[in-house]
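What follows is a pair of complexes built around chain A, which joins chain B in one and chain C in the other.
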Partner chain A sequence: MSLSPRAWFGIAVSLLLAACAVGAPWLAPHDPLEQDLLASSLPPAWAADGEARFLFGTDSLGRDILSRLVWGARPALIVAVAGALLAGVVGTFLGLAAGFFGGWWDAVVSRLVDVWMSFPAVLLAIVLVAVIGTGLWSVVIAIALIDWTRFARVVRAEAMQQSRLNYVVAARTIGLSRAATLAREVLPNVLPLLLTLVTLEMGIAVVVEAILSFVGLSVSSDMPTWGGLIQEGRLYVNQTPWLLGLPVVALALAVLGFNALGDGLRESLDPVVAR
Partner chain B sequence: MSAPVLEIEGLHVLLRGERREPDRLMLRGVDLSIRPGEVHALVGESGAGKSMIARTVLGILPHRAQVASGHVRLLGHDWLKMPPAARRAMLGRDVSLIPQDPMSALSPAHTIERQICEVLRLHLPMSAQAARERALALLDAVRIREPARVLHQYPHELSGGMRQRVLIAIAFACGPRLIVADEPTTALDVTVQREVLRLLRTMQQRGGGQSGGTAVLFITHNLGLVAKLADRVSVIHGGRIVERGLVAEIFDAPHAAYTRALFAATPRHDRPAEALRPIDPAVTAALDVEAAAYDNAWARAR
Partner chain C sequence: MPIGLVLRRLAWAAPTLVGVLVVVFSLLRLAPGDPVAMMIGPGATQDDIRTLRALYGLDRSLPEQFALYARDVLAGDLGRSISLKENVGSLVAERLPMTLELAALALLVATAMGLVAALAAALWRGRWPERAIDAVTGFVTAIPDFLWALAGILAFGVLLPVLPVFGLLDADLAFTASSGFVVLESLARGRLDVTASALEHLLMPALALALPLAAMVARVLKASLLDAMAQDWATIARVKGFSRRQVLLRHALRNALSPALTLTGVQLTFLIGGTVLIERIFGLPGIGSMAIDAVINRDLPLIQGIVLTFAALFVVVNLLVDLANAWLDPRQRSR
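Up next is the complex of A and B:
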């Protein structure tokens, strides 16, 4: 099984993020909360008046940007993985049932999806977090509650299409019950698609987390988040543009990496697409 | 004479119309009886109801179709009234299917080994290891070269003929008493067709462990295959059996006008190709009138 360059890029970015998230206390050169007012608003080290000990410069309170970015990977990755998986489990379950059993299941799930999707996602997220309260796990739950519809819609269509194929009918003629057919025949054939969806959703979840922390509805302010960094950078965008630019780059890299990972893995894991 | 494996009596299958369409009778009182170990051909044009019979026996009628009346006895069980769990226990073990289109009848996500072992372990008390060995033996029995390698392949890596052999292996895996072969060679090219048919014949006689062989309900529109393979034949048109009997007798002296018309329309290599003849429209028109009258009488009786 050979992986494409895309897949390698995705794996590399994901590993980097995972390393930052897990190893933040050791990888970060400074305490992300430590203020050094004598070294405030320093540009990155490669700029003319940058300092070597602050690679990506400092913010207005003299906190190290690199350390804050590394620590910010932690909430980003937790939300991405937990949010995408939770949304995936809920959406897949409902989508499979709707697509495979049809009838009553399909009617209820489809209407629910229609109603759900008529709410603007970000607004819904903000309202949800405001209701359940702030914090990392509230963000995870909010993402799952909003984005299960993505999974439900796609999985429903795929399950519907798969269940018309002969191998599903054939599975019934060897004596599998409908539920067993769904779990053992349909689900494995939906899995490559699901993998792509989960990684796409991870990208979306990272962005949603950034939005929520941008408006201050994510974790408490003593934990650095990329959204929080962007929000702080926005205030001084004319004096210290790297303050805004660097977390945006981190965010974009994460989203790109997750998407590349999904596409690359699907190409390698799908027995029909793989060479 | 031992009891029939499959006995169908007065089977009516109704296709419920969508929206304004009226309901339509797909099967109009089909009687069919298959003895142990015999190959029973079911011959008819497309839409005659051949597959509806197969689907009723296998319990996979499309959801708009329903059995309106009639009895199906399978190995002495009242098949249509059996609880679903008991029916599932027999499906794949006592009765199984060789499907029409080998290209889509195997799950693309699983290896051949998993798909053969699945049916074995579902019905027989077998360890994973024993199932694997039996799967290997089955692939060998359906004359697949390098069975050990094929076991670890995915369906898309195999040709249509190979896949049909795998499906035959799956159908015979648990030593069934009856196999429904729904046009098993239609989707294959002609050279492969012959090999697959020969294989089906040997497997049927060997019977996957059944003494006296496995009975086969062989669905086809190809009269040449019927002559080669079948012991008995039922000719179906418009959801009714118009003629039944031993292959030798019917090929010798068909009684029903439709059977004679069907024979007359069969292409033969001793006639030039341009002489391809359609089935005499007068014969089918007469049958259609009968069918319409039957439907009216049936609707009134309900």
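Up next is the complex of A and C:
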């Protein structure tokens, strides 16, 4: 099984992000909260009046942007992984039940999905965080509460299709209960699909976290997040455009990386596409 | 269009709207913190608090509160904003037109860009324009509107400052649209300077909203155009001496439109939802930026009103899209 260049790109970006998130204390050249008012609003080092010790420049309080970006990978990755997994668990459970059991399970879940999709996701996220309270785990819960529908819809369709296949009939014939058939036979067959969906959802979750910190509803403002950097950057866009540009690039890279990873996984896990 | 289909779709939409009402109602009852305590100064007496709670109906049981809430909403009364001290219904009515104009402009830009890209890719099939368009659409779909908006601000607001990146009108223009539709009303009243300024301010927000949709439309439309061009009738037309471009524009396009229209309909609600954040980023006075302020101020009646407005808009848009599809595609009418 050989991986496409896109898949390698996805793996590289994910590893880089993980390295930053785990190794932030050692990788970041400065304390992300340390202010140096004598060195405020410096451009990146390669610009005419940049300074070598601040590779990506500083913000209006003289904090090192590179260090803040590296530390910002931590909440981004936590939310991406935990949010996507939680959304995946909730959505898969409901989707499997709806698709495999049908009947009123299907009626209730389908209707719930319909109602859920009638709210704009961003607005729902903002309102949810306002209800649950701010903080990293609220963001994770909000993402799960919003995006479970993505999993539920796809898994429901897949489970419906699988439930008509012979192996399911065989499992039932040898005496497995419906729940056991679902857990032991159907679930393993939808796992590759789920893995792809989770990876794609990670790309969405990073953006949601950034949006919430941009609006000021994520973690507290002294903890560096990409969305927080973007918000500061938007405010002073004419004075320090790099303060906006750098986190935007970081976020775009993360989104593209997770997408590439998801597509790469699909290519190598799906026997039909892999041929 | 058969009236039965319309009624069936309406019957399907009604329970969804009731569900929306329940969710909106319960979501905010679950919110921690007493909204009354936030409205009132520290010097208030117990009596003051009790009066205010009664005024907002907060002293009754939950089912009673829901019944009252549903009755008011159905009567068109969305309550009173706590932070702005105004009727929520009229606040929404003031702000919604700008959001609708932004969404309509974005939809227009998205379909136009998607159409042109798909036609170009289908026309120059197998050569570099198709490969370039494929690569660009793939990249554009992957990046969300939030990042396109910020990239747009950097590119055309700072590096190459050709477009305004904040507000709806130039500061020196005095214009109040009594209908709220600034673009349409200024056009109707002949204030073309206002129209130009508003369009200039709306261009980049609309582009940011439009880009992901445009890329999706381009991909789907190109695929169905190529399908259509592979049909026998297309080959016959080519054999008869029509150029590839003529067959594409005169025959294939009409046959290929339906999937792209369906996709546009499905994605339209995402586009409308995207206005919330885009308005915030560009400082536009629409319903979306009001929503974020309402959340920050914990203004429950206003949040409820706005969320409900969006949800109703989504349900109506989906209904219209379904009906339009049924009307355009005869195969769906009999269902």
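Brief remarks on what is shown
Note that the second predicted complex is superposed on the first by the 268 of 275 C-alpha atoms of A that agree within 3 Å, B and C clash if a C-alpha of one lies under 4 Å from a C-alpha of the other, contacts with A are read in each partner's own complex, and residues count from 1 in each chain.
Quick note on the criterion: a residue touches a chain if its C-beta (ideal position, glycine included) is under 8 Å from a C-beta of that chain, and two chains touch if they have at least 3 such contacts.
In this text the structure is predicted, and so the values were computed from the model without any measurement.
On the shared subunit chain A, the superposed partners chain B and chain C are arranged side by side without overlap.
When both complexes are overlaid on chain A, the residue A:L244 reaches chain C alone and has no touch with chain B.
More residues of chain A lie in contact with C than with the other chain of the pair chain B and chain C. With both structures placed on the common chain, the touch criterion links A:N166 to chain B but leaves chain C unconnected. By the touch criterion defined above, A:A52 reaches neither chain B nor chain C.
Touch criterion not met for A:L37: it reaches neither chain B nor chain C.
Of the two partner chains placed around the shared chain by superposition, chain B is the only one that A:L176 touches, whereas chain C remains out of contact.
Using the contact criterion defined above for the overlaid structures, shared-chain residue A:L191 touches chain B, although it does not reach chain C. Taking every C-alpha atom of chain B against every C-alpha atom of chain C, the smallest gap after superposition is 14 Å.
Residue ranges of chain C in contact with chain A, taken from their complex: 15-16, 19-20, 23, 27-28, 30-32, 139, 142-144, 146-147, 150-151, 153-154, 157-159, 165, 269-270, 272-274, 276-277, 280-281, 288, 291-292, 295-296, 298, 303, 306-307, 310-311, 314-315.
If you check the complex, the residues on chain A that touch chain C are 111-112, 114-115, 117-124, 126-128, 130-131, 133, 203-204, 207, 210-211, 214-217, 230, 234, 237-238, 241, 244-245, 248, 251-252, 255-256, 259.
On the side of chain B, the complex with chain A involves touching residues 58-60, 84-85, 88-93, 96-97, 99, 101, 104-110, 118-119, 122-123, 154, 156, 167, 170. Against chain B, the residues of chain A that register as touching in their complex are 165-167, 169-177, 184-185, 188-189, 191, 271-272.
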